[in-house]
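Residue numbering begins at 1 within each chain, and the chains themselves are lettered A, B, C, D and E in the order written.
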Amino acid sequence: MARSLTLQDVSLRFGGISVLDGVSFTVNPGSIHAVIGPNGAGKSSCFNVISGLYRATAGSVHFGDVDLCRLAPHQIAAQGVGRAFQNIALAPHETVLDNLMVARHRLTRAGMISTALALPSARREAAAHRQRVEEIAIFVGLTDVLRAPAGTLSYGWRKKVELARALATEPDILMLDEPVAGMPAGEKMEIAALIRAIRDALGISVVLVEHDMPMVMSLADHITVLDFGRRIADGTPREVMADFHVIQAYLGTTDAPADELADALNQEVADRA
Amino acid sequence: AGGASGSTANADGVKIDYGVKDKELTIGVVSDLSGPFSAQGQSMVAGNQIYFNERNTGDKICGYTVKLDVQDHGYDVQKAQTAFNGMEPKVLAVTQLLGSPQIGALAPAMTNSETTTILSGWSSAGLASADQPNNAYYAVVGTTLPVAVIDGLSYLAQQGAIKDGNPIGHIHLTGDMGDNALKGSKAYAKKHNLKLTDIEVTGQEVDLTSQLAKLKRAGVKAVLVTAPPKTTGQLAAAMQAARMDLPILASAPAYSPTLVDASSPTKDFIERHLLATTPLVPFGDDTETSAKVAKEFDEGKKSGLIAGSAVANQEVNYGYAMSVVLGDALDAACKAGDLTRAGLHKALGTLDHVTTGVTVDLDYTDRSRTPSTKAYIVKPDGSAVGGGKLVTEVSSDEATTFQD
Amino acid sequence: MSDLIWKRSGIALVAVLLLAVPFILENDMLGVAIVCLAYAVAAIGLTVLVGVGGQLSLAHGFFVAVGAYAYTVFGSPKGEHLFGFGLPPLIAAIGAVVVAAFAGLAFSPIARRLGGLYLGMASLALVFIADYVFQRVGALSGGSGGRMVPAFTVGGLQLSGFTKHLWIAGVDFGGMQRLWYLVLIVAVLSAVAALRIVRGRPGQALQLMRDNPAAAAAMGVNIPRAKSGVFVMSSAYAGLAGVLIALQAQTVVPHTFSMTLSLNLLVMIILGGLGSVQGAVVGAVVVNLLPAILDKLGTSGALAFIDPTGVRGMSGGLFSALVFGAAVVLVLIFEPLGLAGLFRRAVRRASITRAG
Amino acid sequence: MLETLLQGLSSSSIYAVLALGFVVIYKGTKVVNLAHGSVMLLGVYVISLLAPRLGFWPGAVIGILVGAAGAVVIQFMTNAVRSKDHLVMTIMTIGINVMIAAELTHEIGDATVFTGDPWGNRSLSIGGSSFPVSRLMALIVGSVLIGVIFAIFRFTQFGVKLRASAVDAETSSLLGISQRSVSIWSWVIGGGLATVGGIFLAAFPANGLDSGSATLAMSAIPAIIIGGMDSAGGAVLGGLIVGCGEAVARRLIPELAPVLGDSFASVVPFILMLAVLLVRPSGLFGSKVVQRV
Amino acid sequence: MLQITGLTVKYGVGVHALQDASVDVPEGAVAAVIGGNGAGKSSLMRAISGTLGFHAGRVVEGSITYDGRNLAGLSPQKILRLGIAHVPEGRRILGEMTVLENLRAGGAIVRSTRKRVNALQEIMDRFPILAERRNQRAGLLSGGEQQILAIGRGLMSSPKVMLLDEPTLGLSPQMVERVADTIREVNASGVTVVVVEQNAAMALGVATDGHVIERGRVVLSDSAAALRDSPDVRRLFLGGDVDEGLGLDAAPASLATLTRWSA
């Protein structure tokens, strides 16, 4: 279960545009690893390469011993790579519950025929997974909206459903693309606490893309910084923060009280447990 | 309900079962009155009406007034079945069933209910055969397509337009109508050593120029066409464009007076080159019956007997002829004292010489054979009422000996 | 609680009505009723494909044709000019469904690559190609007049076609009456199966695939397989419907399976409410029943301005086409969720009234 | 072979004009107008009624306007769909087609409809084979129309508005684009093009249209798909491929594969379409369905 | 100049998204509207631009006037022509069209070609990434790039009032600054701005006035400076004062725990 994710010299080009250029980094098992960088730096593309939606032009992606570059997206999902999208990608007309149930796809077997015949195995399977999905929904705080069509929720709620759905794939590595964009500060904190709690409770790795620096600094064990598709820095939050390139390329000025935040987070996670 | 239920006898001791009640005898019509063949359908219904109107006001059929139960299927198979299922218990026979898909679809029902049915169409697929045992209750009115083609070709030969050993072309619709006519041209070609180039069309072509190029390369001396009239028009136009001044021989379904419509750019070419080989006398021709039908058609329109949208063309004559055949069979059945469906079926089989006056004479003693081996040659003429003039009646040895 | 009672008694009432249909309807309308149910089966398959899977097909009628003809060829003895295998009817019917499913599978290289309207237009090719094959291979199609369909018999009991008389409660219990029950059972089972599929694991995956294929893939859904899977499933439904249609018609005729059929099937599912199984059934009933009723109206003399021969007014066929077309337009304008939505609203309103 | 290509070229221009009509409507409203053929027949029928009295040109102008107006009526109906679901709108055109087709069949009966065009049955000799003047006109008019439409798409804001309003109604209304007027215009153009296509479809050597000719418009579908549903250039190229492919097939199939029969040529456009789609799922020029996450 | 009085908004048969909300935006102001998830901010913007209808929503009560003119019942196009541009939440770029075409569509109501070209030039200068990607299909841009395109497109019509719904969503800190600068600059050129933001720090940084919406009600309206100093606002929206306990009561987290799934 404890597997590391390693990107080795990953390059990605679209026509004339070089989106990723020799990017390498390793996500250690059980760590929260942030990928940051300016808009258009290639963060989401990086995610897309990992989850198989883009084919790397060069380089490799290994999850444990498995070379993800050889697999189709659904096979990568089957490897335990769970993902929440930057642009919300829910089925708007379906209920939140149904949206979460799809995430169980890789863990369930019932096909057209056994579903049509309502075989006992299919029914048992569905019931067990519904129960687990409800557990996850409670954990993420979605209990009240489970029966609402996802499309009628406000932006912030939908972001939470995205997160819950990624979690419901029971991933070994959870990839979150801007999970708190569009949330007020209070809720950001809540989600940050949630992410930490997930990692702690399940022992899985988390890869996080976020522009909210206070959150990244307080949450991440390790940070990789991309700019124009290249890795320009890689290290602990403190190391990265000190890096002149990062400040120039991305942060400009920063006044985030990172340490205090980290403490507060630890406090909250302790409360939850 | 099946045809086997009990029959009764009327006051005159004639056995009756379905479709006869009090003083009324009901005959069905299942036709296309709103779909792609609605123009033909309406004209044929007019012909049916003219005949039975004539009988109702004059020499009544077995003392009964005939009522037509006219149902529209809009060229839809499903609707045709519903329409027939609905009318079946109430009619003695069907005097017009139009559309080859509908004819095929209803065959089992007709056989099962023993309903004598007059078809619209000359394909020998309508005849009874080993593959089509259900066609036993169907009657074709006229010359089957292959036989008419043979007659037409022998006329061309007679006129010196084609000689033994010549190449000829045959443009035919895919599917059985075309295949059926092709049997005739193949048989004739074989006998006379003609080199036949046949070309399939779907009726959905934009034009026929490329098809024609093939015939041109083959150096044909005449072109046969068995397809919808629109294709005939396209053929003529393409021939005109390619400056191929050759005779065109059209099977009956390929010819329509609209081909010599005044606004058609190919009218003149068609009048000069086209001949139709058909069992039908043109509408309004000066033969006795045709003239009478035309007159009654006009009067019927005025008096509101006939639909305003019915067109004055040879289909009126066709419809009239269909009903003459049925009328003669009804008369024969009445005479034999059995006006049941079974009796009618038997009576039709005794008719060896039906003279309709608007078609060649017909013989129904063998339902697996063409009712006639003769055909008329009709020349299109934009100035004639019905768009054509009767040239002559032809018959040939090849036609009488033809077996399909 | 009382809601449940209402619902149960509603279902019971409908069930009794459906069982009584052969005692109520004359042969002609009973035929229409059977056709309604048979097309309902096809429409259910299509609504899952189009509404749930987001894959448009303009060739559903093609797969209905495959089912109808496969049953006929399998079940008929070899003829002088016609293909035939002379298999027992039940085997022929199952074989026909399998063949239709395989036909869907054969098309899946296209189906899995394309989506939405492109797939719709591409599938149109099947309709034209089938048309060509039917014209060309008379031994298969029986030509434009079609060919006979072997009756359906299980364990010596004939369930379609022409039968000896069997009088029950004043009704001649012939092939048509017996076929009704066969078709009713098949349709109900098909609907139940489809409902389960839509609500279950495959349906949820399809729904996400329709709305966001990339997200579906990231959730572990094998997109190409899901696409061809739903295409195969809908083809099997179409094939099953084809068998039923053939049994009702007793003769299969290529013209039945023209483009109009494929378009009509789409009208059924849109009218019923896209993606709704119940809607597909309602849509199929409306699309097949409405013209029949209009035709009846047109020929019965009930409407003074209509006359089938067109002598004394508008012809019945024209009237029927105009009203039918207008009905389609109006339903689509005024009831965005289709007839299923209309029905749901009516039920809701009724239950509110009861509660209040 | 020259003759074959010439033949292909001449029908290509008709396919292209019909295909372009579909494409403009699709670009503007994302609706595939399945009543296109009926609109075409309506326009041509009106011309056939008017031309004998007014002459061809005034008749043609009115006929084209009637075709456009007919299309606009369809636009009004489809636009009334509240959900704005393009598929629902597309299906609605089937219902509308049922009505128009029934009425036209009733009106036209078994008549053949001629426009009385001035090119009549004349033809030119090109390299030993003859080429009808009407087809030359189709080629010229087709090219001009295609050019004009290209110019409109390229050099005016109309093209941008057209696409914007089709893609996203809410956003385009926020940009001040009146979806109504844009979609009306696209249907006006589409209906007009249908009629123009119909005029040439009826002209020598095709010999008029009949009540069943509406389905001919469907034969433009492979052209649109091959070219790409939302590409005007694609429609033209698709028309060429379909027209020439069919002509070449007609010429070669009897020699290469006589078993298939002559009628195989008529499914060749559809087979070409499937072949193109296997390689390029959104046609040669169609915009790829892109989805970024 | 833009006056919202007693506005109540409803979606379908559901609950009220806005209730009796009143906001007054004086000419030349930058008004910040802040509030939590689902508070009704976007609904307010939709009501002003007349696009509630696209979401099955409607104004139940209240009025919106602009320069004394009631906007009720006007189409979105009319409202835009009056000079009110709305950059909607979630970017809503036209993904199948190129960046340039998106911008051109943004200038759809500008009659003069010269003005349109000038506006285009100005926007490309301001956001060079758009110039760089002018011929790329907009749907392929990164999230942040799309957001910038949406803002640029909103500027194309040279509006008098700009409604920005979460303009900095998904933008990097640097880009957030750029957008803040842009707001200041267009405001300086006489454009009134209403900006809805989760990033309250940024919004209150550029704003002259601020309005806080909670569960559909305007609970606080004051000058931006005053709001910045308000402890409530700091606690809820500025992510600030750690001493006050992270605002857990504002957003109560569930106390559930999760264990690994095994099956």
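The rule is simple: a contact is a pair of C-beta atoms (placed from the backbone, for glycine too) under 8 Å apart; a residue touches a chain by one contact, two chains touch by 3 or more.
Chain labels with UniProt names: A, E = ABC transporter ATP-binding protein; C, D = Branched-chain amino acid ABC transporter permease.
In this text the structure is predicted, and so the values were computed from the model without any measurement.
Listed by label, the chains that touch chain A and also chain B are C, D. By count of C-beta pairs in contact, B-C exceeds the other of the chain pairs A-D and B-C. Across the assembly, the mean Cα position most removed from that of chain E is the one of B. Remark: chain C and chain D have CA centroids separated by 31 Å (rounded to whole angstrom). The distance from the centre of chain A to the centre of chain C, with each centre set as the mean of the Cα atoms, comes to 44 Å. With each centre defined as the average position of its C-alpha atoms, the distance from chain B to chain E rounds to 75 Å.
Between the CA-based centres of chain A and chain E the separation comes to 27 Å, rounded to the whole angstrom. In chain C, the positions touching at least two other chains are 132, 135-136, 212, 214-215, 218, 315, 317-318, 321. Across the assembly, chain D contributes 102, 106, 215, 261, 263, 266, 291-293 as residues in contact with two or more other chains. Among the residues of chain E, those in touch with two or more other chains are 140-141. Contact annotation for chain pairs lists A-C, A-D, A-E, B-C, B-D, C-D, D-E, with touch applied as defined. Across the complex, chain C meets chain B through its residues 26-29, 31-32, 35, 79-82, 132, 134-136, 138, 142-148, 161-162, 165, 172, 249-251, 253-256, 288, 291-292, 295-296, 298-299, 308-312, 315-318, 320-321.
Within the complex formed with chain B, the residues of chain D that make contact are 3-4, 7, 10-11, 14, 48, 51-52, 102, 105-106, 109-112, 114, 116, 120-121, 123, 130, 132, 201, 204-208, 210-213, 215-216, 219, 247, 250-251, 254, 261-263, 266. Taken together, the chain B residues at the contact with chain C in this complex read 1-2, 33-35, 38, 42, 45, 49, 70-72, 74-75, 77-79, 81-86, 88, 100-109, 112, 123, 125-126, 130-132, 134, 174-177, 179, 202, 304-310.
The part of chain A that touches chain C in the complex is made up of residues 51-53, 72-74, 76-78, 83, 85, 89-94, 98-99, 101-106, 108, 110-112, 115-118, 122, 125-126, 165, 169.
Only residues 292-293 of chain D touch chain A when the two sit together in their complex.
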